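As written, the chains take the letters A, B, C and D, and residue 1 is the first residue of each chain.
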């Protein structure tokens, strides 16, 4: 996977965020402050502009720029978190021109570690981690099993989707929703839902 | 001492506060928020208007009205505190038309208790209590000693003044100045200084 | 629902915390700001606080949350056991917890306990 | 003097707490508000926080005081041990304590400790 692949991934995420913007915001209205869709749309709009202006030459440089831009522009908690995720992934890729499936898996694990280091959320706390962790695990397992890329990313995407849906019965223990205590039960976490979009976009781009 | 006496006392306090307004504010500038003179001036201006409008017929009714007006109009911590003081004194006088020196002493003790119940300050905490308590004690002692009113109120006024000066080396443990910790040392407490004005006004009116 | 009154020296501060707490805790909670003196200065107006108490009182009790100094003293003057009670809590964090609890239908004691929890919640 | 940056979701809230803390803690303390997003909405702008850090940094260290959520995460991203440190404290009460300590000439650790004291000071 080369720079063009990751650029296509980011484009795909930006498009998915745009089309699911209102849905994400509705999820956030139930247990947060109704801005998650708007936050990510603002962030990825800025990312597209930054990429167009800088044309980064490696997957690593591209992802670090994506992360830095999200950190600066999103405005909500998801900004520092996704921003750190993309930056860590980019740093893991160094200045390689091509990234293998195993390296992608390693990069996504570094991203997840970054999210957890910054936000201190564990699985089950009803955050983006509940979609990110099973997706990263599924990809790592697929790599170990020698599964081919398209199938591996399919597994990661469905794990993220399932992880997101599985946040519904949970009580939030991190982020703004945690203030609601038991009242956060019965709703899907918006950040977990957007993480499922990220992995869904990866599957879509790999399937082309 | 009749209603007219207490009306004259309040007039005298209002005049003293007006003429010492900037001094009180300067004291508050050092360890507070530079509004004590303005607060009390606003409060006693409102008190004069309220008294003119209502013409209360007993010392008790007059002092309760003074207290209620201070509570509503002062704006700073001294409002609820002095307001409670005057209300408690007024309540202690009931509907008597005349108040003896012993009853005045009892009333001022009730006022002090009210201040301490509300503000939870002990002597030595660098508040108005450090002037109020020695003044009330001096008056009680004078009553026990059978001293005549003018001399008794002279003793109370000088005890209040000494109490106020003695706040200089103290560290504030109540009120806004307590946030300054050790930096509150070396300044006279503005509320103690205004309490000295109250007792000074009582001496002045009794000496007429 | 339990009503909540935020009492601050500064009318701006009380209003901003009301806005933040409302956004997190839901729009339905009876919640009012009583900040500043009557003439808009820094300080406390018992009349403003009394009016705010009336405004949010639905018969299930009212919690007063003061910031410091005269706000605390004014709250003490206006408390009335079992009906109008003071929460001695961190101003912003306690207000958010109280509003969320009230919005969840907690009793007066429940809202008070939730607000006091804010002393024990760390942010990092 | 140690610098202090108040980070809130709401630009109004950060500004009001700065005003209150300044009034109590003294005008000389380097103190800045970093509230809201760049376009004035509710949220956090790391660029605003970075600018505020620069503004208050006199070489003696900077304490960041976040309210909640993205303010805390942004503060964590911008911290740098021994230089720019986070105070995990009640927003209003901790800010006042920190500003007073800084104004009194306390070191970075001293300001942090004073701010943390705010968890233990009761109002009644």
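Going forward, a contact is a pair of C-beta atoms (placed from the backbone, for glycine too) under 8 Å apart; a residue touches a chain by one contact, two chains touch by 3 or more.
Only a predicted model underlies this, so the values are computations on that prediction, with no experimental measurement involved.
For chain pairs B-C and B-D, the one joined by more C-beta pairs in contact is B-C.
Farthest chain from subunit D, judged by C-alpha centroids: B. If you average the Cα atoms of subunit B and of subunit C, the two centres end up 30 Å apart.
Per-chain Cα centroids separate subunit A from subunit C by 38 Å.
Subunit B has its Cα centroid 65 Å from the Cα centroid of subunit A. For subunit D, the set of residues touching two or more other chains reads 23, 42, 68, 76, 96, 124. The multi-chain contact residues of subunit A, meaning those touching 2 or more other chains, are 33, 176. Across the whole structure, chains are in contact as follows: A-C, A-D, B-C, B-D, C-D.
Residues of subunit A that touch subunit D in their complex: 33, 35, 39, 71-77, 79-81, 83-84, 118-119, 175-176. Subunit D meets subunit A in the complex at residues 37-38, 41-47, 68-70, 73-74, 76-77. Those residues of subunit B lying in contact with subunit D across their complex are 33, 120, 176, 179-183.
Taken in their complex, subunit C has these residues touching subunit D: 9-10, 12-13, 15-17, 19-20, 23, 42, 66-68, 72, 76, 86, 88, 90-93, 96, 118-119, 122-124.
Subunit D contributes residues 23-25, 96-97, 100, 103-104, 124 to its touches with subunit B in the complex.
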